[in-house]
């Protein structure tokens, strides 16, 4: 009997695990805790499919276990020769038709959801927001063509409203994924532009990943979606529109930093409205919660980043400039004070954006 | 190796030669038709016939020519070509799926 | 019995290419191979079609292709298909000399075809600067047509070596299947060409 | 393997024998050893991956090396381990099951093996020459076409050569099964393993050309400046994805169908019952093979093909569950009413059923296009395919090896050690991969070099790593068993399992000419029929006569080596045109060998009737 008891042991372990895991996963990262329309719809679809699969699995396992217990060869049966049955028509029909039906049950909502998520019609409505998303090795650029503002790494959207994304890549294929809000979509190079939409239910800061292998720092190409109320969103937009790229900073160190920045960094980094350049747009860098999507946002890390970005994101494209440690300090002072908006990831209600 | 060399009588041999000749005549006719189709195809393009009509016709002509090649020149119509036929049609099915894909969803 | 025995017509079975197990194996195996080749060329055609619009400058299909040459090439290759049918006809009648003769004609026609193709490529490259690297259309075009040309070249080598190898010893049950499948290969090359002249050149001209 | 005569002739003679052999049984040994070695290498790479992911923010290997590791793990496992091991079984078993003396093209059979081996070696040389390929086993452009260094070039050349070998192998089995069946062995009397080999070969025939073309385009882009995937010159990167998956999806059925066949034989043998629903099983195999070509875009749901294409491919994907379900239920009903013996082979087969069912079900969940927007490129997918590949193909290989080991090597693998090896592997497998479903849904994409503290992913990954080490223990026990059996176990009888098909009518291991007299097949499970009628062996279909055998040849080895050398030339001519010399030398060797082959007739030799009688009937 050891045989099949052994087989049940892992099954038992797994059921405990399932219970344990259902409560797990981070609020702002897990696809199992939807905070937006797409993720919600898809979780429903997953549950339907899981229910069907569970049913199938139970049936298979019931027969399996029964057969194993009942027909295991016993002592003294070594010479017993069972009846050589050829097959059974009705049984074959049963296990063809029932799966077909089960699959139809799954196919209908699948097709519905697929078309639903590709729906572009409401987009023509006035005031619907479009963001141009560009994937780059290894950072994200977001351009709001109607608002004439742009930002990198942090995507701000209003809650309760569909925000349409026009997506492409400047180099290799990436994939834009915010698990708790919507499914993913690839960004392709060339003219192969994709579209999708985000609709966040709750305010919060949601974790985004790049999901298509894109080089060494593929696993470090994180970004954030900052969902805020529509008032806050409008506030943010006007704050962003009013940025003066040339504004002189207050402290002396930051002033020097600005100069150094203009000398060494402007070639790749823009401040103010810009299309996707070589490097991220830094207009609101002071408002970020992460440096380059992954490092804690403080001056120390920023200096380290400027001095040796490759140490944090292997293979990234920030290179070919020369700044001293001191200049880096000053630049850091300059960049940290580029916080032009009251609306920041930290300000978001009930922020799960600590991370 | 089991070479089954038959000892054929002169008479049988002549019958066979006649059969072969008959098939050869068929093949020459096939060839003439193929040349004809080619001429039609080229002249349609040279004469600039309306392009809605021309594309499917060209493809159709090509399809018929290929069928001729396969069934007559390559003898797929003859006995003993069951498996070859299955495989060629299988290959063509996948070929068709591939080409449809590459003309549609590579990008629209 | 050795394979080298020259078999006189009286001893040759009806389908000498399929009279032995080895022959049958070669016959079926080669057809399978052609099934695979179908998919291979379909992938190349697909790629070409997907990229034929990605031209650079004036080097579009309409501007480049000249139908006269393509027509000549088509005639050469179609006729060579018929001559290889003749060769197989004589094989079935156990007339080795005539078979060799017709195979020789086939090879000559094939050479003519290949010559035209080389001229065509040379022409495009030197007159128009249209190369393998100049645009995605160029890459797709040279790859598709070049793969076909490569098949022609290989076919010529194959048939010629068979002719030379067996010149002295004539037809037997060991080499009959080899001749037969090389002619199948030659027909298949023609099949592919029919699609090339239709899809690449004629439809390219139509635009 | 190491039988007494060979040892006397010395190790050099044995190596020469294997390099030149055209005997399908020896080629099976070659495939088994080479595939097994690559499995260990791929497994080692898997262990390194798992160690890196054991804890958050880990720095065990660098990001670049990690990408090389996953790429080589996937590529090695699929092309160099799983497929060759499957070929080992096909070579060892199919000719015996259909009552043939050899395969249709013994020479090509050997060529296929050496092409695979040299292709695999070429691929792995990249580790020592400045970096392995690093764009994933799927090698998506333009990441691959622009990847610096020569890693991806090795991928292209290695797979091109190995792929040619596979294609040749596929055609060989097709013709073998079509033409070489013994009298009475109609299609509908073929054992299921032969059937699945047949369909698998069709899949190989139609799938590999797409890969061949893809690899050529990639080669032209990387080495000769063409613009297929270069968007700045009008190219389109999506072409690669389609070509890869037109090949890639049928490929996964190439991996699973043969073991389906093996399982069918095993279930029926160890239940002492005829396979339930034989014709339905055959039909389901054909249907899976056909549908397998119609679903490839389910790997591309997030590429942006649009809702119509996605829906079509979603539905066709789901359809495959039906024929697969037919198989599962027919296996269950083969056992129903039978007399089930829990041998090690059967144990692996029994482990397969729940495991593969889970993997198949997650496959159907992935097939639900919209939901795949969440699953795609996460550990959910990794979990899915290891459930089907390890839980299906690898379990199947273990089952089949235990089952056919006596036919291949003349000894039965030690059953105690077999049981002992199964459990750690089985438990370890589920520990490793079950939890990955959840990791994926909790937001862990695949091909991630590392993940952060505080994302809730640490525990799951730790469990997963522990499981991988249990699998390693299971593998080591199996290896120990192989050695132990070779030294300690007695010679096996012809029919140790009370088998049903023709291979069990031959001595273990069979003589090099297989059947002294071609057998006469009188129904499904021919040996079983004879046994039930009280006969000892199979009725022969012909009187005893001379047997014609092919000669061995070194040419396949030389041809493959030629391509191997030319491969280096192609890779490095980008840096220095002098490398074209290597191309010329390699291709020269290749063509010279080919011409030798066509200009020098290989007439083979005969074993005379008298010698056959002298040898007795070979049975113990």
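The letters A, B, C and D name the chains in turn, as written, and every chain counts its residues from 1.
Keep this in mind: a contact is a pair of C-beta atoms (placed from the backbone, for glycine too) under 8 Å apart; a residue touches a chain by one contact, two chains touch by 3 or more.
Going by UniProt, the chains are A = Cytochrome c oxidase subunit 2; B = Cytochrome c oxidase subunit 4; C = Cytochrome (Ubi)quinol oxidase subunit III; D = Cytochrome c oxidase subunit 1.
Only a predicted model underlies this, so the values are computations on that prediction, with no experimental measurement involved.
Asker: Would you mind telling me which chain pair, B-C or A-D, is linked by more contacting C-beta pairs?
Answerer: A-D
Asker: How far is the middle of chain B from the middle of chain C, if each middle is the mean of its Cα atoms, in Å?
Answerer: For chain B versus chain C, the centre distance works out to 14 Å.
Asker: At what distance in angstrom does the C-alpha mean of chain D lie from that of chain B?
Answerer: So the centroids are 36 Å from each other.
Asker: In whole angstrom, what separates the CA-based centres of chain C and chain D?
Answerer: It comes to 34 Å between the two C-alpha centres.
Asker: Residues touching two or more other chains, restricted to chain C: which are they?
Answerer: Residues 21, 28, 32, 35-37, 39, 43, 46-47, 50 of chain C each touch two or more of the other chains.
Asker: Send over the residues of chain B in touch with two or more other chains.
Answerer: Residues 1, 83, 87, 90-91, 94, 98, 101-102, 106-107 of chain B each touch two or more of the other chains.
Asker: Can you list the residues of chain A that touch 2 or more other chains?
Answerer: Residues 191-192.
Asker: Which pairs of chains touch each other in this structure?
Answerer: A-D, B-C, B-D, C-D
Asker: Under the stated contact criterion, what part of chain B meets chain C in this complex?
Answerer: Going by the criterion above, the answer is residues 1-8, 13, 16-17, 20, 23-24, 27-28, 31, 34-35, 38, 41-42, 45-46, 51, 54-55, 58-59, 61-62, 65-66, 69-70, 73-74, 80-81, 83-84, 87-88, 90-92, 94-96, 98-99, 101-103, 106.
Asker: Could you list, by residue number, the parts of chain D that touch chain B in their complex?
Answerer: 178, 202, 205-206, 210, 236, 238-239, 242, 246, 293-294, 297, 305-306, 309, 548, 604
Asker: Can you tell me which positions in chain C touch chain D when the two form their complex?
Answerer: 2-4, 21, 24-25, 28-29, 32-33, 35-37, 39-40, 43-44, 46-47, 50-51, 54-56, 132-140, 143, 161, 165, 174
Asker: Touching residues of chain B toward chain D in the complex: what are they?
Answerer: Result: residues 1, 83, 87, 90-91, 93-94, 97-98, 101-102, 104-108 of chain B touch chain D.
Asker: Under the touch definition given earlier, write down the residues of chain C that touch chain B in their complex.
Answerer: Its residues touching chain B are 1, 7, 9-15, 18-22, 28, 31-32, 34-39, 41-43, 45-47, 49-50, 67, 71, 74-75, 78, 81-82, 85-86, 89, 92-93, 173, 184, 187-188, 190-191, 194-195, 197-199, 202-203, 205-207.
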